[in-house]
Amino acid sequence: MSQDYRYFASARRRCYALLFEHRTRSGRRMETFWIVISLLSVLFLFIESSATDLFPNIPDILYRFGTIEVAFTVLFTVEYVLRVVASPRKIHYPLSFFGFIDLCTILPMYILWLIPSLSVSPDLVVLVRLLRVLRVLRVLKLLRYMSDAGILWRSLMRARRKLGIFFGFVAIILCLFGGLMFAVEGGKDGFTSLGASVYWAVVTLTTVGYGDITPHTALGRMLASVLILLGYSIIAVPTGILTAYMSQELEKGRAARSCLNCLHSGHEIDAKFCAHCGAVLEAGTAQLVEK
Amino acid sequence: MSQDYRYFASARRRCYALLFEHRTRSGRRMETFWIVISLLSVLFLFIESSATDLFPNIPDILYRFGTIEVAFTVLFTVEYVLRVVASPRKIHYPLSFFGFIDLCTILPMYILWLIPSLSVSPDLVVLVRLLRVLRVLRVLKLLRYMSDAGILWRSLMRARRKLGIFFGFVAIILCLFGGLMFAVEGGKDGFTSLGASVYWAVVTLTTVGYGDITPHTALGRMLASVLILLGYSIIAVPTGILTAYMSQELEKGRAARSCLNCLHSGHEIDAKFCAHCGAVLEAGTAQLVEK
Amino acid sequence: MSQDYRYFASARRRCYALLFEHRTRSGRRMETFWIVISLLSVLFLFIESSATDLFPNIPDILYRFGTIEVAFTVLFTVEYVLRVVASPRKIHYPLSFFGFIDLCTILPMYILWLIPSLSVSPDLVVLVRLLRVLRVLRVLKLLRYMSDAGILWRSLMRARRKLGIFFGFVAIILCLFGGLMFAVEGGKDGFTSLGASVYWAVVTLTTVGYGDITPHTALGRMLASVLILLGYSIIAVPTGILTAYMSQELEKGRAARSCLNCLHSGHEIDAKFCAHCGAVLEAGTAQLVEK
Amino acid sequence: MSQDYRYFASARRRCYALLFEHRTRSGRRMETFWIVISLLSVLFLFIESSATDLFPNIPDILYRFGTIEVAFTVLFTVEYVLRVVASPRKIHYPLSFFGFIDLCTILPMYILWLIPSLSVSPDLVVLVRLLRVLRVLRVLKLLRYMSDAGILWRSLMRARRKLGIFFGFVAIILCLFGGLMFAVEGGKDGFTSLGASVYWAVVTLTTVGYGDITPHTALGRMLASVLILLGYSIIAVPTGILTAYMSQELEKGRAARSCLNCLHSGHEIDAKFCAHCGAVLEAGTAQLVEK
């Protein structure tokens, strides 16, 4: 093994520690740095999209924002390259969820810069806007630093089968009422197609109720009332499922906390001392459960 | 018993096994086939209803869709006939819920084909549309393959008495506030009849809030606020009822899981080994509970 | 005691049993009769309010409906008189909640009949409509026959202190955001007074969202988003309170069921046999708990 | 220590007892007095804001209301001064949350009175309105007397970490869907900026659904349906979290109640007698738990 390669390997290892591990002090600082950058870049997108309204007096405002955008893109490109290089198994990171997201947030700008004819072509205006909006995926970078969602995620995963069956039922109800409403209201007042009727049913059953499509016949209103009251009853079902699982997870957490001194378990989640022998309960375990 | 009849009886038995039993391999394949066909036929209805918008360049698009419709109707007719023939007690299937649904989804097309004058009569346009929309009931065919909704259904069934009383209360509140609002707003701004006022009360109490009918007087707005805050309080009641029953069902499931080796029970629902003797817990039981 | 008086007293007792007791067979029949009459009279009000739309071809439809109304009023007057007479303590029933409701549903018609000048006076049109709409209180008569709402009512009563504090908080939040929004949006787009702003806050916090009053400035929309997300968090609080109490009530019910043979308790609510000795569990107790 | 100072010190102590302690009889009377005054002052603000509508016949109505406003301001100024004087550590009260609120509700009027040019300047109309609306913060004075929100607050505090993570997730979803919708609907129908799109996403995900901004393209409606159904699933999460913690708090309360006679614990929260020895349970403890 040559001196150079060894140096490179050790640099890569340190780089990996900086980017992927959050237990070391420098790793945590790096994490904070990337969180702040990601938040700033998303905030920047919001300001950019209303730029002409917010700063009506600065004529070259969009050009100036373009410069800031270049800075963000370069920064995220550096992050991407470092992560690819630092990853021990080269192919692993670019193919992962976060690798894909990271790529999506830098690629659009390179495409727009490399093919300048795109921006001026009137036919591709939707494509260009979509490419620019893809940058909003930067917000997903933050998910990387929220890995301790533990109990929420576990409850959702364990409830996924039941939630799946529930949403199957909901889909059937939506198709049924959408279809009936399409027949009853008859193509008027927004019920122009089966798709629009099902969209109305979604908006109604979930109690969103935009009011852009509403029934105007007496029969249609009765049908809508039935659908609404049905929604009112079944809105409770996912709540019930998730609550039941979450209670179990919490109880499990309680049982998991045991005193290291007398092995007594079943302590309150926020207890600081063993209720049996008075020994200090390990905060670490408690945190593990709290998360 | 003649040879012919015996051959027929055995064919019927195999046919029954294919259509009504899902435990054999061929039965499961048949099930998948009918699920796919049902989903396709519903998807087809959606595309058909927006056909002229989606394919504006194809002039005879509705005619082409008519051809596909014939294929689906024939397929479902074959299914219906097979199910009637295969059913051991002839009258049982046609009189069942699914028999009724299956008939409803094929009958309308035969009526429209047998009485072509229906489609051209301007007076019966609503009836024709209703007949055509009845095909959307095909989505209910999928319910047949979702029989394992277990815990949801049991909780709903056990809670039905309490939910009934609750909806009785809700109905009384709706009539009361609908009536008061009708008097206060006085026939203006959509409150044109007691029925319309109660429709407004349904839309409001359940927090759907279309906004097609809204109070415009100060007194009306006060009354609406009271109704809304009332709705806010009682929206919790069905959730509470269902959650309480679901927790019980889940606990029951937990108690039901017992180790076949040492008969220890009370295992976690996702446990794979007995916590007492380490023996493998039967997955079958776990699944039975999970469903 | 004279013969006449004794006859009268016994008639009164039988009358009382008929009207106020639901345990005898004739009492239950009487109850069913009054439920049906009450439901019919409410249904009649709905049809009456849309009479000219439903039956455009019958010119004297309102007059005909007036005749039916007389019948209902007479029937309810007879009920009221019987209940007053049958009540052992004369003053008790007329001063009770149901006595007040019963009076409210018959009095308006007598006022309108005795002072016919009311109906023609253009100044009193609101008063007349209010008097007529008071008849909708007939729906409250049905509450009399829903006395077994047990668990719901008990949970609500026990939670009333916490719900009170919660709604105090909500009122403070509503005033605060209503006031801020009034200042920010400044009298435009429906935010015309503090009252209207608070009405908007009620409609928004509870996720009803009519859309008749909506923020149009960027600052107003930010404020609205904060209020909405606040509502999203605290919508859970009454649910949580009620669910916790309801679970307790259900558990209490479970403990209350004990086998009459071996005194073993803690049975499942839908258990039919004692899990300990196999004796039949009393259905009566179970029903008492189920209610 | 001079006689004067001692007299002053004792007056201050009595003043402190009156204003900050609610256990003495005079303290409770003082509390009731300030609650009534605060409620009246808030009610006054509502009436004032609709004054010209409510009393169209009184020309100098706004002037008259101004006189009442002076009275309230003077009263609250006296309260503020007394509290500052009575506070043992001078700086403690003015820097506290309630000190800040109390100041905010009296300062604006003094600013408006001292700088009369403010009210007539057309440029500062927004500032003046904001200053006047600040008085609505008086409603927050009531929070002082709602300190026993115990269980609600404790559950919220213990759940704040999980609720924080949850709202982080929600924020990411909102940005994502807001951005996608901005690209799909393309600046039309209210989706004019990323900010407006995220506002739409907030209104939609939380099922408020004003309907002031709604999707009009088929793709936009599909995206909206996905966001709505997502909201429908995750609306349960904060409910689940809070309910689980509240159940624990209630159970804790139950365990905390123990009979002073036989030390038996685990009584029902509304029990009045010990289930074990029949001794009267202390109401104080029960209340402590109930709160």
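Going by the order they are written in, the chains are A, B, C and D; count residues from 1 in each one.
Everything below uses one rule, namely that a residue touches a chain if its C-beta (ideal position, glycine included) is under 8 Å from a C-beta of that chain, and two chains touch if they have at least 3 such contacts.
Here's who's who by UniProt: A, B, C, D = Ion transporter.
As the structure is a computational prediction, the values presented were derived from the model and not from experiment.
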Copies subunit D and subunit A - interface residue numbers shared by over half, same or different: different
Measuring centre to centre with C-alpha atoms, which chain is farthest from subunit C? A
Where subunit A and subunit C are represented by their mean Cα positions, the distance between them in whole Å: 43
Go ahead and note the Å separation of the Cα centroids belonging to subunit A and subunit B. 30
Subunit A, residues touching no fewer than two other chains: 50, 195, 207-211, 218, 235, 239, 241, 243, 245, 247
Over in the complex, which subunit A residues touch subunit C? Could you list them? 50, 207-211, 218, 239, 243
Inside the complex, what are the residues of subunit A that reach subunit D? 42, 45-46, 48-50, 53, 126, 129-130, 132-133, 136-137, 139-140, 142-143, 146, 148-149, 151-152, 155, 163, 167, 170, 195-196, 199, 202-203, 206-212, 235, 238-239, 241-243, 245-247, 250, 268-270, 290-291
Residue numbers on subunit C that touch subunit D, as the complex places them: 158, 161-162, 165-166, 168-169, 171-172, 175-176, 178-180, 182-183, 186, 193-195, 198, 204, 207-211, 214, 218, 221, 224-225, 228-229, 231-233, 235-237, 239-241, 243-245, 247-248, 252
